[in-house]
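Labels A, B, C and D are assigned to the chains in the order they are written; within every chain, residues are numbered from 1.
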């Protein structure tokens, strides 16, 4: 049985925890290296749920040791930090999956505009494959370096791309009303995500300024081959995990609901992690702790209303990263994920 | 000091509880009658939080007793039941505020279409004043009978009407993405609102079929004088109370963000319960347990994004009902509500 | 590889859903039969999260069909219903794991007292093995019929038994302050578990009258060989899953904290699902969605304070049931559970 | 009508917010001064719910200005900071209510032991009246300086003191299993109170080391006149507000449940904020956003199980502080609190 030795770089955040949690159940994987600058305590004290499940120490980022220990690396670092670590890992011959935002926007100028930092690794930026398997599986299978999509962009692309691809909707009138559980904000405490501030409330944030908007736009333009204009308005929900996007699209003339359903069925035929909900609506609970994306579409007063739901930590981060690893190493796409 | 004796008809639901809670603090009110067919237990066992705060028994709907006991009646009944009780109360000379949906849609045919029940009190249907004080205060002050607006329609009307009134936005391209806490579903247990089904999840429901859509449309058409077309898509949030609507509107040519802000400031000048948020965004927590409606507006990629938040149980139900009572009895609009 | 064909009897409740969820990932299991009287809809509409993951219809309880289809049966029925179905399943030669309470209390009179129903299957009541693997693995390995412990009793027994076994604490002064997430209340809607009643509140219930108290007492007496007296006071927590019990025990003369820790280490050496927390305290989040029981012990003002946490749906129900199945079929205890 | 001008010292925390919220509704109070070292923004941006409700700037602690502006001061500062501000306020002639822990433990050595800081104001420490009105109303009425009790200690003292006072229970066998919503942890973000860490979990903390244990002990010893020994074990509940304590007490020989109920009825006759629940059990939801304390008592297997619930922010902090102010100024105890 094929076996992959995995290093986790940036071991102390939520995407790391989620990646470890899933990889511990993956039949073809052993975690062999945990790297972080913060190494005061064993991983099982940092994440009490891991007690007794993984004995590895947290070690510094020692490229020679990693090269010996691992075949693949998952980067669970914040942006900017990620692009400092990708080149040595690739040079050491590892296959690399980057869960940060550093290699998602293909245009270095756009990266600098949205992330307020010059891109320091433009060479690999252009080489990076965008890891959305439903649309880029062929490239991912041959890739040494995959940039894992953002959580909101995954749900948005899966919900919108089939209709754009099939030419069924206007490209300049796309409204994405998105909502996320709080794990999406990461593990660093902040006033906005302090429990008593975030519990029992619902509110939008970052209207017009969220970094996932240009990523969604780029992905939709890549898939459809056309310029796209969209509004992306995210909200916070008082729950741990889950993203659900309610997307408003304008059908082109004479397009029917059946046309839309057919487009989804064509696009996702044989894709193991997209589920069309024809008889009920998606909810975040039905995808929680799974790698599924659930999608429904309705026609209402002249608009398609598309609902797309994922677990932000799984299909929106760690699960999709493992799905990409599976493809990069010739494993079944679903290995360790069902 | 002016004093009002109040009867609550339909005392066992959440709107009743919320009305009682607020009226107990109202300096001009005494609750004198609690009517319900369900009268097995004292109100303080039904609602344990009322222990020691109200001693009234729950009594049958005895119109003679109510006529003697009360000057005003709040109907906290479900729809259909409400319209059976309104005529005797009005005939008995009480001022009546109906919190049900029975008198909101002015057209009996529309009522029958959406509520699947013929309207049995068409005479009072046309007499009922729609109790949205920010737009109909003059009529409310002279009314003997007020139909209290729905929760979603209150937030929608307050968020949209000023822009329509001022002619700043297209009337046929209005998208209302709404979300509500679970108290909005009422006090009757159901599989969908069972705690483990509703906790830790976010999902849309009733796309294209929610009864508040025609009410919103009617209110906006009444205020603006023009036909309106809209999408209304509600969602459920795992929290007790609060409604927040994110509304997408298309500005007419040459309309600016300042135009929009000016329209809101004009519309709500002197209105004590609408707060414009110019420096931050509304959230349901900031209006919880208050009668305020918080509104913000942004211009983003060619759309106005309006955010409107209320407490569904207060400005969306009991608080607005008391606000209407205040106006009907010549009290300050804010009496008992700040 | 050994393969087990499993029937789920009583397919429409939460313990069924949790059992299915875990068995779908079990390398040695195929679910072959889903039985229920309620069969109006496919299992994936009943439990939307199962969409695309299991295609079986829900069928009536046809013992001949079940005999052909399955090697083992999990009973996920309510009490009373369970004991009607156990005899035919055993007669048909299946190995049976009953997740209901019907075979937990070994004394039929005690069963009748607490469950208000005469026991109709006394023969199998005495034959049933109590499925707490940490203490009864030898019997479970040879059993054809296992009664799966209650959720609260599992956490209580694991927390208390080692200290009683080692004779370190008084047997007549045991206080169990327990708390559970709401999934423990089952899937049937009720006023007490309606979301707005249960959210944002914490409260005790059933003081002195909870059916798990005699089960805990019986288990502790069986393991320790001595009469035991205890208080068991359960509370509800506004969350989906998890049980945590804070247990107050009186050390016998001269007993130290080290004695207690040693007793736990001896009792749980080689037991894969009990984790002693020496450096931090258990919390329900750290065991959520796992089969682990986490235990800590402190000495404070002359008492041992023991903290014992499990996921009520996993180690407290479906996970422990599968652990029992593993033992009954000679599989590794952890198969499909890590 | 008697009028009180109030200064809030330390305006940026949750106890300040809660005090402001209640004082804005108090018929005899005007808030005239908000002091804090952190003054970057208006109070209505710091606390968005206050938008439009209070126009005061946040100002430095200027004792001359405060002396002119206010008759009473509420100290909402953290401990240590509070005792630096009390002397000048008392010297300026204000009546002072300190919501911090600085003046609760009457023994300076005990303060230093538990709070790791020498007490700098021993003179006022001995003068401070402990502001638990149910037991010390006479002293409070004559006090110029009141130390407001801690949240856990308020619930504990109200639940236990009547039984100790009446000599009905053992003084050396008191177990307090306490649980609190997260607002009790204050407004400063921390890893433990980050939403995703605190949501959907229940866990104990600070076993044997919580600072409220000695405060509870001192209060019970003061009221009963006897030495007391107790265990206090706090837990965190994923909700905003509320404390509920489940208290295990050993009845003295021949003491009955009726004796206990009589003791509570005697102790709380005429006390407006304590409610005995004879027919159901307390829950935090039933006291949320009120100044009530709800108490029930059961006799179970030889123990009294007492359940005591308050809102930690109201009866456990701001509400009780206002109750104390009412008494200090000769107002009805309930003014502004019902």
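Everything below uses one rule, namely that a residue touches a chain if its C-beta (ideal position, glycine included) is under 8 Å from a C-beta of that chain, and two chains touch if they have at least 3 such contacts.
Because the structure is a prediction, the values reported are computed rather than measured.
Trainee: Please pick, from A-D, A-B or B-D, the pair whose interface repeats that of B-C, with more than half of the contact pairs identical by residue number.
Mentor: Interface equivalent to B-C: A-D.
Trainee: Report which of A-D and A-C is connected by more C-beta pairs in contact.
Mentor: Ranking A-D and A-C by C-beta contacts puts A-D first.
Trainee: Averaged over CA atoms, how far is the centre of chain C from the centre of chain D? Could you give it in whole Å?
Mentor: 40
Trainee: Averaging only over C-alpha atoms, locate the centres of chain A and chain D and give their separation in whole Å.
Mentor: 46
Trainee: Where the CA atoms of chain A average out and where those of chain C average out, how many Å apart are those spots?
Mentor: Once rounded, the distance between the two centres reads 36 Å.
Trainee: Residues of chain A that contact two or more other chains, please.
Mentor: Correct list: 181, 199-200, 238-240, 283, 285-286, 288.
Trainee: So in the complex, the part of chain B that touches chain C is made up of which residues?
Mentor: So the residues of chain B touching chain C come out as 14, 181-183, 185, 187-191, 193-196, 198-200, 238-240.
Trainee: Show which residues of chain A lie in contact with chain C when the two form their complex.
Mentor: The contact residues of chain A facing chain C are 24-25, 45, 48-49, 51-53, 200, 275, 277, 279-280, 283, 285-290, 292, 294, 338.
Trainee: Could you list, by residue number, the parts of chain A that touch chain B in their complex?
Mentor: So the residues of chain A touching chain B come out as 175, 177, 179, 181, 197, 199-205, 207-208, 229-231, 233, 235, 237-242, 244, 246, 248, 281-286, 288, 298, 300-303, 305, 307, 309.
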